[in-house]
């Protein structure tokens, strides 16, 4: 087990290296000059060149990349081109908010999606099943912005049950987490249903029922654990997705997460921030998948870590 | 011996400047104002901050030698109590106001001014405003890093600063009022290093007391501000990361005093239809023009007839309708409220038949294909599509390239874009002077690779006229200078490298409790709000 | 009770002679018929848009807007109302079907196929092949897709096929992860080992014993994926990589108008309903097909 984890961590480091290289290259190739953004619209050609030299942006690609890596291993993510603030500071100031929302959102997705999926599977073919299926599709097809704004409007503006966006207390967390929960629950409920249906028809279930085990015992004790495997993988994926930032929900609810930082940086070609955020979210993705892969054998011992 | 020409207004300027503009009611003191923005604030370093968001915050934390009367484009002395210009226009002598303190308690001296100007020009600062100071003697060497200081700035005594210029420049006083000239204390800059932008120390009406990254900034009143009686607010809070639609909802509920990004297009009609809300909206002009640039170095836009035809093809009224009436059609590059605007000039009237005839004259009777670049944020793609339809009516098939701002700017700078709709990147004046609308966007210096003169229009004759106009520094000859500028822009319209479409109006929504002259909420210089002079009514 | 005891013994897929054909069995299911009809309706709308659309989808009508420039709700002239430039929404929806069908079917389908190939191969073979494939998947997950889109937008002239390619390039990873996990579990079952000792080739095992159990998951990903890819296309087109204005797609109509959903809800709900119906329709057909091919259902209909 330990050997497996170490192997995975080494592989992850390689992946991060790969991601850093690809991102740096894309930024280099991008036909949008970051120096022009820094120098502004009134700068003379001389000013632009001077800034370019100071930032080392006139160097060839490999030298720039090498310098970046060198600084990175010392913990220096560089300074934002436009804000002059340290990138590490910018990311750290937003990371707690992103992590908090991540955990809360996944919890909501599961709390909403799993029970609905199980109920649908147990009532297969009936109106309830079809109704729940319709609901799943509606939530997945709905544009994020609309759902977020709708929930904010109804529950915060009109009813006043929650603050209108912002960050700081539990009350601030509810709406954004529930929004993400609703938006993502469709996937979980559909997969759960599908998985349960498959498992419920298996022979061992019939065997258990024939043995006289009660219905709920069969479902919770035998069917559910078998059905939950794909869900674990999905949670891993979700961790990764949320770490890359959910800009829309963040901006509607004024949630100071990484997504907004990344989005602004991309518009302005603020390379140090883009590199920093991409690497941090890559960490999240790799970690998420690793955790999912470590949990899977616990659920289904047939899966071996190899 | 050089005679000193006193500015005609100098006598009245010897006294402390007039306080707030005549207020309709008695201003009240106290309270905290809440302003929201979507984007994070980049920096509060006056030498670096150059977006419309931090522009007015910097004006509240720092001061410069010159300033503007609140809500207007009229210059008045700031940290300088008086100034004198030599007869040849090459020497400016400023007398500093005594007793001005920085937020850290130290008194302002002339050396601070020298330090600040040197800092902006120094290459290591990477200031976007460096180029504005090119008229000062010694600029070239300092900007190239060959000299440590700028020879043309000096402090003969504690209260006097002398500027020597290498050429007479009528915009110099405006430059002294520009954020890039604001005075910073050396010890605070050195202590904070690269973080000075997050820990600003100035002489302004407000000091920054809190900056929670990604969430909010809090500015508190400077009790020792050198203009007595100002500011009125105890503090103002800037909340960032707020979607404009949500900010408006919060404003409607009274949680926010001014949504800094304005009324989003989606809510505009709804707000203006509601009498109660409409009364809270202040409308004002901006020193802004939205225009279509045409690359004059590429066929078919190298033919002036084609460019004129484009001007005539655009239905400006319909475009203004599409953006819910938030602008006024434009006939020339300068906006209406800019000095030097040519009154009574009708420009190219909307005439699609006439446009088709011109095209035929130029040899394009069957029209042609081209590309129209536009920035992808609403409402610009819509405006571009309206333009596209107008062009189609005269036979020009323009395919739209809707891209991120940085990509459009890049294409424009590289000369790869035949047509660009400037919306979202349109020129807003740095200072209220007609010269500011020429150099980087219509002059030869901007027509280089990477420059903002996206039409690559270079008319050396006009450049010469511009330099002549700017050398008229005698304040008594202001009208002569403005007339020259008007002539320059009329010639530009003749050559038609641009098709000016509209001048955007500014609509600022404020909460019912905010007081102060309307002009303060659409201050042409201190965008969006002049924090120093507004107050809370209760 | 340990999981190891639970073994699913799938029956091989045999269609007995006196069983009706697949199509016939499909026809017996009402919901599947409904699904097929909706799909045909959408495809028909897309293919025959030129004849069905009452107006030119790109024509901005002067009387398509109010005096203040606001769009019109559904009325007798414009059955679905107009958009922010005064264009007929019904015509734009019909033409938009062309774009959205290509994305929802081709891009999504490609993502599904690639993801399945990678996931099954990695989950079945494990070892080095599996590790390499899954780490590659991790890499692709962390890939800065937005940056890629912006780069491509600047280098190539934007087109529907480029955005379809980018979507397929980016969306296959999720399917791969989930399929990998499931295949890892399935491949370890006792009967698989039994088949191997009997000399069954990998291909036969995968097709007969593993894939059928993956079909339910694939259907979920394939159908829900239609919605997400159509919406994703809008985001990518916004960055300049996909269809450029004024070409309509269901996704970009929603995207352009989402801030207006309170004042002009038809601009969001009608295209949203279209996407929903298409995804649902495929789900109905998919579910029916799954039931038909379900090995554990054999002989129990």
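Think of it as A, B and C in the order they're written, each chain with its own count starting at 1.
Here is the rule we use: a residue touches a chain if its C-beta (ideal position, glycine included) is under 8 Å from a C-beta of that chain, and two chains touch if they have at least 3 such contacts.
Values in this document were obtained by computation on a predicted structure and should not be read as measured data.
The chain pair A-C and the chain pair A-B differ in C-beta contact count, and the higher one is A-C. Centrality by C-alpha centroid: the chain sitting nearest the overall protein C-alpha mean is A.
Centre to centre, using the average C-alpha position, subunit B and subunit C are separated by 48 Å.
Subunit C has its Cα centroid 21 Å from the Cα centroid of subunit A. The mean-CA centres of subunit A and subunit B are about 40 angstrom from one another, to the nearest whole unit.
Shared contact sites, meaning residues of subunit B that touch two or more other chains, fall at 245, 404, 407, 410-411.
Counting partner chains per residue, subunit C has residues 150, 154, 259, 262 touching two or more of them. For subunit A, residues touching at least two other chains, in rising order: 31-32, 149, 153, 266.
Within the complex, the subunit A residues that touch subunit C are 11-12, 14-16, 18-19, 22-23, 26-27, 29-32, 130, 133-134, 136-138, 140-143, 145-146, 149-150, 153, 186-187, 190-191, 194-195, 197-198, 201-204, 208, 221-222, 225-226, 229-230, 232-234, 236-237, 240, 266, 274, 278, 281-282, 285-286, 289, 292-293, 296, 300-304, 306. Per the touch definition, subunit A reaches subunit B in the complex via residues 31-33, 36-48, 50-51, 54, 79, 82-85, 89-90, 93-94, 97, 149, 152-153, 157, 164-165, 167, 250-256, 260-261, 264, 266-269. Interface residues of subunit C facing subunit B in the complex, by the touch rule stated above, are 58-60, 62, 65, 67-70, 84-86, 150, 153-154, 158, 238-240, 244-246, 256, 259-260, 262-263. The part of subunit C that touches subunit A in the complex is made up of residues 1-9, 31, 126-127, 130-131, 134-135, 137-139, 141-144, 146-148, 150-151, 154-155, 173-174, 177-178, 180-182, 184-185, 188-189, 213, 216-217, 219-220, 223-224, 227-228, 231, 254-255, 258-259, 261-262, 268, 272, 275-276, 279-280, 283, 294, 296-297. Listed in rising order, the residues of subunit B touching subunit A in the complex are 38-40, 42-43, 45, 48, 50, 123-124, 126-132, 134, 143-145, 194-195, 197-198, 212-215, 239, 241-243, 245-246, 249-250, 253, 255, 404-407, 409-411, 413-414, 427, 430, 440, 445, 448, 450-452.
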